[in-house]
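The following blocks contain the structures, represented as structure tokens.
Next, two complexes with subunit A in common: one pairs it with subunit B, the other with subunit C.
Let's turn to the complex of A and B:
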């Protein structure tokens, strides 16, 4: 019989384990049964699936993440399943669900792992309203963070992937979470989503890059996910102070340039990239205004990653 | 009561949460949930109304104290600002 003391010990043991402590068979059993509960920054997700590509992606990219127990609380209960119907026999598909809700149309089964990543982003961006959420990459060095808000196609993820392999810590490739209480950024270090030509760019730029198998013909073209640095995952509990807001724009052949943006203009451009600025009302205003106060904002154009790294290395802490 | 005697005030519920940077002002509208980009003159006028209701003439004097502006332009600018702010639900005219 378990006593309270042994339960506590069991919980502590479970909390110190990582996904890598599971064998492939144990991982598949959890995914097929009670679900694999894993912590990514402030969020815990319980994932259920019998689709091999999901287990493949998790095994390759989520080894360093804290593993939670079967009874632990999870913010998101998600599943990736094969829907019924004739498709399953001649063109297998995968559907994503959150607490039984199916928010998206099914995708080809080969897209299962990208769908998990997109689905987890969707869970956070539609529900985590305790934070001001900006569609942005976030990287940190010496306690100061750079927020990189940008629409798809701007080269944000490529830049982020390169930075986190040149001395910067990954907080997120997709979501800047600003905490209204203190204005600090909370990390959600998950795999970095790379698309199309960026996949080969990062393969060439990062010698030890661990990437999931590219999946072609998705709505975003060919996608692959880059494993988050283990050191960033290990520091997922450490918040960071915003210091720079950098709007990146990749342009083939462009000279590297960094131009200051007036604060009021930067305010509106960041708000345009926020998921829930309007939803948060006055709290969203105060949180974003605090970030704008704390940061210097820039437009950044680049075509050469080495030059881009040099510009970031030379960023000075705001006064 | 003539237009010159009309008193203007902030709409109840407006807290004037704002930031001023480099000659521009960003203000949160508590009633509409919108965020506005305002010039410095506009926020000076709103801050004057935070102290209490005021006539058009008193508000024009606030603008004149802040900016070098001739009488005709001052009158036009004051009327335009008051009308714009009324449309944004930031201010209203008191009934009497």
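Let's turn to the complex of A and C:
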């Protein structure tokens, strides 16, 4: 059977071109015309937009991703357009659509790039039911992956951004994709979304961090996206085995602590963070149970990133 | 659409064998059209029936696989829900006579493969409505969010109770006592439909309409209604029912006479016409001849072709032309026109536009 991982690998070898091979004007022409088709892990997206902030963000953060041709298949056809009406002239707005379907209210035009990132996450989490999808960051080292499920505000993205610049590979900042057939995690290495204070924290922590221009006053506060490490993007076709489930919690001034969670409790807490657990029926249950069995689960509190890195470096492979 | 080539999704539904050699750009468009028409699981089922899934290029195949879990979960949920309904109605002694999607799924018909739907519809005798409603309420289904006018609309004029929802599972059931509103110009006798109903052998206590009646109900539901957002799905139902029942003896021989008997020859005429024109359904010439009396005059038929052959396409930008919006609106008006006499319709639309709207925040 042909798996999504081998499919991704095949596409990667076939497509030698990356988005960086386009000049800025070629990029803008594609976005305004047939769409810019780009592969991120198992998904191909065709993006259409004439909004400069969209081209800016893609040029800055998506250079290393495989570029697809005008005739190639895309899973998602998304657009970021200016809605009509008076807003065109007064406080311009941007509207996201998936092939004509508009799931969100328009946002101020300055939010266009974060809206593309949120929109693509929404496309995957509401459509790609070939996987059990968990709202979690995923990082990997030596073939073993840590799943970091967490509600917003827990410091998950900050931790993920730090880890992937300290020896871990980025699989995803938002979406753990567990494949029911073999229980492996598939990477969707896209930019890491940083909010508010964590933007400066990561700027200080990662010497060569490439970040998109911060956008303020979004529903999540000020948002900037951190470029995914090139090595993680290059290995987007390599799945990983789940080994740890870590529920992170940032607490100012807290001492670093790592406590194991009993399996039954971990199961329900991960299920709570899943996008499509009930949609997947029995297969969702079996997939999640397999992941829980394969992993050791922890509650993790931290306030200091260096100490957090040390804890992750010391994680032991489960039996 | 007559001027241009049919949408690629229609070509695939008409001949799933094309899946073996479809160019990549066509796959891209076909799967987008299928998503818009809510037909991705049905397309997956059709391609698998032909044994062609392995022949698909990797990318569209992986994309189609996304809906497999949803379809399986839906099938399981329908079975569970039907069992709950059967348990609730057991004290009434009535068979659970399933209509539309739930009937196709529970009877194991090909039309039920990969078909997604939101409500379960059943048909009960009008004289037993109160009893059925009470039995369902005892088991947790309630009719919510309807004001006094809505209650009157359903109970006096329509052919069903106000839709009921289960308080815990949030699932919906529509309890019908007829297949057309009390106020419609044609009113097929529901007693005849119930008398001909057939038990589902594998599921004691459950029943479906007889094959001819099932087709006629599907036809009247599609061609007397005003909303076509699920139009192509319903046309595909007809195409698949014609294909499966057409292979059985006596189906084609009895269908025209039954249609005339139930005053449903016109919707059957439309069902056969558009199922043939859009999906290439095989229909014996004798059946077409027998329905010739139900054919609208030449001018009306040209108009209906223009309307239906736009509204029945997937709701996707690639299938629209300059007249698509107007065609859908004209059919919406027609659908309401066919439900009620003009004066009652005017009153109903007036109420919906001004009075229900004004009261809406209080009832919500």
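The definition used in the following text is that the second predicted complex is superposed on the first by the 305 of 319 C-alpha atoms of A that agree within 3 Å, B and C clash if a C-alpha of one lies under 4 Å from a C-alpha of the other, contacts with A are read in each partner's own complex, and residues count from 1 in each chain.
In this text, a contact is a pair of C-beta atoms (placed from the backbone, for glycine too) under 8 Å apart; a residue touches a chain by one contact, two chains touch by 3 or more.
Only a predicted model underlies this, so the values are computations on that prediction, with no experimental measurement involved.
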### Message
For A:42 in the superposed arrangement: first (subunit B), second (subunit C), both or neither?
### Response
second
### Query
Can A:128 be said to touch subunit B (first), subunit C (second), both, or neither?
second
#### Entry: Per-residue contact with subunit A, leading partner among subunit C and subunit B
C
### Query
Where does A:292 make contact in the superposed view: on subunit B (first), on subunit C (second), on both, or on neither?
first
### Query
What is the contact status of A:281 with respect to subunit B (first) and subunit C (second): first, second, both, or neither?
both
### Message
Let me test your reading of the model: by the given contact rule, A:77 touches which partner, first (subunit B), second (subunit C), both or neither?
### Response
second
### Task
In the overlay, answer first, second, both or neither for which of subunit B and subunit C A:267 touches.
first
### Query
Following superposition on chain A, which residues of subunit A contact subunit B and also contact subunit C?
278, 281-282
#### Entry: Complex contacts: residues of subunit A adjacent to subunit B
262-265, 267-268, 271, 278, 281-282, 285-286, 289, 292-293
#### Entry: Complex contacts: residues of subunit A adjacent to subunit C
2, 4, 7, 10-11, 42, 44, 71-75, 77, 99-100, 127-130, 180, 278-284
### Query
Once bound in the complex, which stretches of subunit C touch subunit A?
24-25, 27-28, 32, 35-36, 57-63, 65-70, 72-73, 76, 316-317
### Task
In the complex, go through subunit B and note every residue touching subunit A.
15, 17, 19, 21-22, 24-26, 28, 30, 33, 35, 37
